[in-house]
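In this document, chain identifiers A, B and C correspond to the written order of the chains, with residue numbering beginning at 1 in each.
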Amino acid sequence: MSQLLVGQTLNGVIVGTLYGIIALGVTLTFGITGIVNFALGEFMMIGAYVTWYLFDIVGLPYPVAILPAVAIAAGCGFVADQLLFRFTRNNLINGLLVSIGLISIVEAGALLLWTTTPKDMGYVLSGAFRMGAVSVPRMKIVVFALLAAVMFLTYASLSRTWIGRAAYAFSQNPEAAMLMGVKTEILQSGVVVYSTALAGFGGALYASLYSLEPAMGGLYILKGVEAAILGGIGSLIGSLAGGVILGVTEAIGSIYLPSAFRDAYGLVFVVAILLYQPSGLFGTER
Amino acid sequence: MKVLLWVPFFIFPVLVQSNFILTIFIFSFILAIAAVSFNLIFGFTGQLSMFHAAAFGIAAYITSLTVSIFHVPFWAGLLPAICFTIVISLVIGSICFKFKLKAFYFAVVTLAFSELARLVILNWNSVTNGTLGLMVLEKPFVWVPAAGLVKIDGPLSWYFFSLAALILTVAVCWLVLRSWIGRCFAAIRLNEDLAQTLGIDIFRYKLLSFTLANALAAIAGGLYAFYTGYIEPNYLGINQSLDIISMVLLGGRSSIIGPIAGAFVLTGLPHIIDLSGEARAILYGLVLILTILILPQGVIGTLEGWRRAA
Amino acid sequence: MRRLICLAILALLASPVAAQNIVKIGQIEAQTGANAIYGYMSSQGLALAVDQVNKAGGFQVGGKTYTIELIASDTRGDPKEASIQLKRLLETDGVKFVFGPFLSNVFVTIEPYAKQFNGKFLLMGGATRIHDFLGTPDHDFLLRSWNWDAGPKGFGNLMVDRLVKETGAKKIAMLFQNDQGGKVLVDIYTPLFKQKGIDAQLELFEPGTKDFSAVLAKLAAANPDFLFPSYSDAHLYDIVRQATEGNYFRKFFLVRGSLGPGLKNKGEIDDYFVYVPKYFEEAEKTDPKVAKFVADYKTFYKRDFPYDQAPLCSSSCYDHLFMLIEAMKKAGSVDDVTKIRKELLSMTYDGLWKIRFDERGEEIFNFDIVRMKRAGQISVTSVDAQ
């Protein structure tokens, strides 16, 4: 039983980092542009499909395939920002609804291009590490390492570089930041593009683990939002922590309680946190 | 004078005999009830609630189950459904508003509760038959002064029945909104903190708005269940909530009847314009985006704006 | 859009000598949405068949030449949409032949309305719930275009028997999606397993789940012989991969879904036992009709042939249009539905599948049992359904 627990906790942590990268995108977008970009799941899907296409169909090596995938996801993010999100800054409801409209369009586009038949990418790294009865697939470990690295890098660069400080200042007091010479428009667009790039990267890694279908983004944005809230919107480390906690809660819950309610365990936890500590576990009150 | 707008609806079925078109209208009326009631909490009180579809779905289930298990008429099933919806709205609303959840978090928590309700209904197989859903074979009976007890079965009777329900809903909303309650809602929508300093009990009015909106949605749920003849857990799904939100946005959230136009367009348009599924989804997304960015007042709102300006 | 294309084709084919007679065929399937996999192949196959019939100049019944107009509606899996669409098909368009639906919740919602048109049209769908209504009064319009799992001749029965005989399995773990399809499978197979003395454990998962580690670990804890996983490839690829990677299961038993997931993980699998309406990869090499179908599909749609989904074309799809036309010819009419139904029930059609209907209107067709053992050795057993 304890080996089951250990194995599932490890898996929950890994699955949680995938939630975490989306949560990071959510938290960054909310902090700097004041909206929740629900379409991040779609950018993740774009990253996944492009990676699949380049790896399976064109035949590029996997690490090489990831780069254009992230670039394309980010490019689409830029277009979406210029056409849509630029007009919904700080308007939560509008931003939410516009992103829902965007989801419809992107998903329909994916259906037209690739149909509803799921695509299963060729295995990049197969096999698993075995420690007793606990088995952790090698690719999952790689994915975990890469995602965690990117998240830490983001955190580090935001707390040390000029851009980071500008962003922090902006999130505290937009007018003052602007007066101090922070180019707010570029900052906001930049954050949107970066968060979509993160989502695209998450998607590229997702493709090496699971099958792809146009509707895949829906689950991840919901979990990403939950994780961001859990960790505290505005806290970058919180998004990783929130994702991991969510992943582990779901895994453990599924073992001891009916797995049909898997999604509920995370939800209940999130609601409980929201009621008792609205700023989340690591966040500061916004 | 606005009452005159309803007259065409009464004449319509006499002119148009097509069952197909009447069906679209009936679905539109019922969903319009859900949309108009949603606008109470969303457009007028400014809170984005994701619980609306849950109220709709739960009421659908309670009405159908009460009628089929206890063999009572439709109204005897609808009443417990509305009561239960009120109770659960009070509970959830109290939790949310007591903790002073602001816009985004309120949406998330109501979404969480909505999903929990859906999961419960989905997995409570002994009662709800879970994912297989339940067929609803009974029909409502209405006492009409001239005709006695009329069975609501068939397009014409459903048409007038749902139209009557819609008019009732609109009337209730109108009465509430033009009273001081409505003004409190508006104050909360415009500036919550200011409203509080003016002495308005935010908690009480938000709760009232939320509960009333869900209670009306319950009526829509009961009607929908009996008209479609089938209920399933998807009635409580996120997509249903999003559909209702779209109807309100499209029609306009600043008027009571705006959402009705939205309901008609979103229900009827896919059947008038023959498009592939994907093309329709793209159109839906575009409509949503354009309404937000270009026509923030929705169709009705913009028309009203022009009328006032003219 | 499809309607316009069909009308355009018809206009082009019109010759001054042949009469412009049109037979309308309606289709109600979920082409998009959560469960679109089922309607997808049917809509693809039917459109291809209609195109082929019309391109060949139509078909002749009673001395007149007819072409087909296909009115395909996408229900998106929403019963409300389907009820509006069916009303339009039957009342506004005057359609007498409707293909679909595959989804049970859609069927159950349109059934009361469809019943009012008993004797005026034919509805041929793959939905599992149709089985319960076949043969009941006022349901002559109904036909089911899919094999029935249960019952003494059911393929489910056959599969489980074989499983026991060939592998001696005593314990099975069932992992299904928590939706209509999954539920129906639970209802059919739990008693079947009990009957044969097999210990069956069940876990359900939410649609959209991608990571099955937790639930696989839970099931594996009881040490079952075989895993009996969900019914659509969307999940099968993930389930089979994660089951083998995590060392939870190496033996799989399937009654829906394809060999694809098995092949992809063949080095890790000890036994993969699957019912497939047709194992297209093999059939393409041995059956010229199948080879032609695959080639035609690729030309018409200009994309790869979906081998994984193709088995679903055994329901209200390609063959069924030609079967319907043959029945019309035998009946000598394109609108006498009672006569046409009688012909359908008394004929055997030999196309991609060998199809016939039982006395209740439920389809019986031949299928394949594919078994893959260690190192990827595959054995295909074709079962003739009669």
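Following the convention adopted for this analysis, a contact is a pair of C-beta atoms (placed from the backbone, for glycine too) under 8 Å apart; a residue touches a chain by one contact, two chains touch by 3 or more.
These numbers come from a predicted model, not from an experiment.
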Inset, instruction - If we define chain centres by averaging CA atoms, which chain lands farthest from subunit A? Would you check? - result: C
Legend entry - More contacts between chains, B-C or A-C: A-C
Legend entry - Centre distance in Å when subunit A and subunit B are each reduced to the mean of their C-alpha atoms: 33
Legend entry - Length of the line joining the C-alpha centres of subunit B and subunit C, rounded to whole Å: 36
Inset, instruction - Give the residues of subunit A that touch two or more other chains, as numbers and ranges in rising order. - result: 108, 111, 258, 260, 263
Inset, instruction - Scan subunit C for residues touching two or more other chains and write them down. - result: 32, 178
Inset, instruction - Enumerate the residues of subunit B that touch no fewer than two other chains. - result: 122-123, 277-279, 281
Inset, instruction - Spell out the residues on subunit C that touch subunit A in their complex, using ranges where they run on. - result: 32, 34, 36-37, 40, 178, 203-206, 208-211, 213-215, 217-218, 221, 233-234, 237-238, 241-242, 245-247, 260-261, 264, 303, 306, 308-309
Inset, instruction - Spell out the residues on subunit C that touch subunit B in their complex, using ranges where they run on. - result: 1-4, 31-33, 74, 76, 79-81, 83-85, 87-88, 91-92, 104-105, 108-109, 112, 178-180, 182-184
Legend entry - Contact set on subunit B toward subunit A in their complex: 48, 95, 99, 101, 103-105, 107-109, 112-113, 115-116, 119, 122-123, 242, 245, 249, 277-279, 281-282, 284-289, 292-293, 296
Inset, instruction - Please name which positions on subunit B make contact with subunit C in the complex. - result: 18-20, 23-24, 27, 122-123, 130-133, 135, 137, 228-230, 232, 234, 270-271, 274-281
Inset, instruction - In the complex, go through subunit A and note every residue touching subunit B. - result: 30, 36, 84, 87-88, 92-94, 96-98, 100-105, 107-109, 111-112, 225-226, 229, 258, 260-261, 263-264, 267-268, 270-271, 274-275, 278
